[in-house]
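Input: structures, listed below.
Same chain, two partners: chain A is paired with chain B first, then with chain C.
== the complex of A and B ==
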């Protein structure tokens, strides 16, 4: 891998980038139309590949329907039961129907973030379009739940702070504007938090790999120092935390869209 | 003053200030978590989970500043 980095260091790239499948195919085939198509859409193709891989893994795990699970089925069921317990702790018993969506979000984002550990792979969540797509999905779900639980005008009333007395009605335009801004800022922050963390880690790893190459370039050997290895561990930790934060924030947004129950 | 020198002077200060703010915020958050663990060690799992979530949210603000830095880096000459 360091051989190819030396090759790329001579290019005037603004941000240092590790070689990945998209880059390499474009370089090897010298800009043929189908090669630059793959390079341009490499994030989307990688994310589809990750989706198919996760679906196949879970399908294989659920094929043997033993009542006492062993092996892969055991691992997947353990993970899903813990996840369902954690989500229902936040959402209450009505939250069971959101568990498939939230578990899919968590596993998908975790797999995409951790894909950077495999050589020659670029994590798809370092592309802002993919994280924005996920954030828009959550936004659409939350708004649909808001309108379904409160009714359209009830939702506007709830956004204005549910004014009951004269002070509430006076403050309600201000509360409505602030609440509207909050509703629209949430998907933006969701998308940019995930994108910034993963892309930042990717650039950090690329920069340290480039540094490792440039340090011993006078020796004229086709290798570089692997200085980016500690940052791979940091990328693992950041990927796990960001998947967790995305899922928990989506859970909390869904919780905020449910009306409060009086016990 | 040219645009690239202005960006080269201003952008690192912006990132540094964002790092300063998030450093202080994370210090306060982690100190609160550590005190809570010291008071009740058997709840340390739940406390640590919430602390990690809070830390990720605070860290995100620094990452926004880093994104702006990289955008400006592209515009610099």
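== the complex of A and C ==
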């Protein structure tokens, strides 16, 4: 285990990173306790900022409830209607009650991923603690749904592969172990995939920005070639894709926690 | 590209993670059990294999849900 930790520690020292507000504050006010606090908790503070920004946007959009919507209200209603249709396609009519959670997850992750497009902002989803928090929320909801729908012992029976004959009962301990592993793998997969993709994209953009600066450093001009711009478009695409995949997989996990006749 | 194809690409792009993480998790659990039960190295091997099976089962579920039905 020590080898793995040392490996990641050695990578961390060499990762090209774009300047962000947290880093700059720490560099300018180095040593001040508040500056190191902001630097240390920058991902969490940025994610709270994103949450407040999204909540404000939706509050402004839903303030005027016109029968014929225009402007921001129209855009938000269009998005929510389409999203609700997509979720209900997968979960059926009972999926309507999960739309608020899943839509929040989608918009929140998308906004966090796209934060990389704003200069001096570091996407919070490139920190594994943030993505793990989101994945744990989904995991807890799915387990709660499982126990509510099947009952505690019914859920254990379901985990053991719902054995009906003697062969089924013989195989049930093995099936139980496999299913237990599957259940615990899901949040880990969700968290690491989102973190890995966004962090990788962030490092790629950082590397090309650094390359653009190094390429013309002999000219002594205070800026570099914007070589990272094509990768910002790629970041937009992967950011959207990752938000979509996180939401879709959460939807599938909720679907699998419903009784068999529902899916 | 239709919405369904976009969903398929998104979900199927997750398959490498779904295949890789269960054996890794099995390795951690197996090592932990081996250290505490003194069964070195049987739990490690058992849980890595179980991890592979769990990964395959999850991939099967994803393909069953999002593969083309026709």
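Convention: the second predicted complex is superposed on the first by the 248 of 263 C-alpha atoms of A that agree within 3 Å, B and C clash if a C-alpha of one lies under 4 Å from a C-alpha of the other, contacts with A are read in each partner's own complex, and residues count from 1 in each chain.
Heads up, the rule we're going with is that contacts are C-beta pairs under 8 Å (C-beta built on N, C-alpha and C of every residue); 3 or more make two chains touch, one makes a residue touch a chain.
These numbers come from a predicted model, not from an experiment.
Shared-chain residue A:200: touches chain B; no touch with chain C.
After overlaying the two complexes on the shared chain, residue contacts for A:244 are found with chain B and with chain C alike.
Within the superposed three-chain model, A:46 lies out of touch with both chain B and chain C [touch as defined at top]. By the touch criterion defined above, A:256 lies against chain C but remains apart from chain B after alignment on the C-alpha atoms of chain A. Note on chain A: of its two partners chain C and chain B, the one contacting more of its residues is C.
In the superposed model, A:113 lies in contact with neither chain B nor chain C. When the two structures are aligned on the shared chain, A:185 is found in touch with chain C, with no touch to chain B. Comparing the two complexes, residues 189, 192-193, 196, 241, 244-245, 248 of chain A contact chain B in one case and chain C in the other. On the side of chain A, the complex with chain B involves touching residues 14-15, 189, 192-193, 195-197, 199-200, 203, 241-242, 244-245, 248. Those residues of chain C that touch chain A in the shared complex are 3, 6-7, 9-11, 13-14, 17-18, 21-22, 25-26, 29, 47, 50-51, 53-55, 57-58, 61-62, 65.
Across the complex, chain B meets chain A through its residues 52-53, 55-57, 59-60, 63-64, 66-67, 70, 73-74. Within the complex, the chain A residues that touch chain C are 86, 174, 177-179, 181-182, 184-186, 188-189, 192-193, 196, 241, 244-245, 248-249, 252, 255-256.
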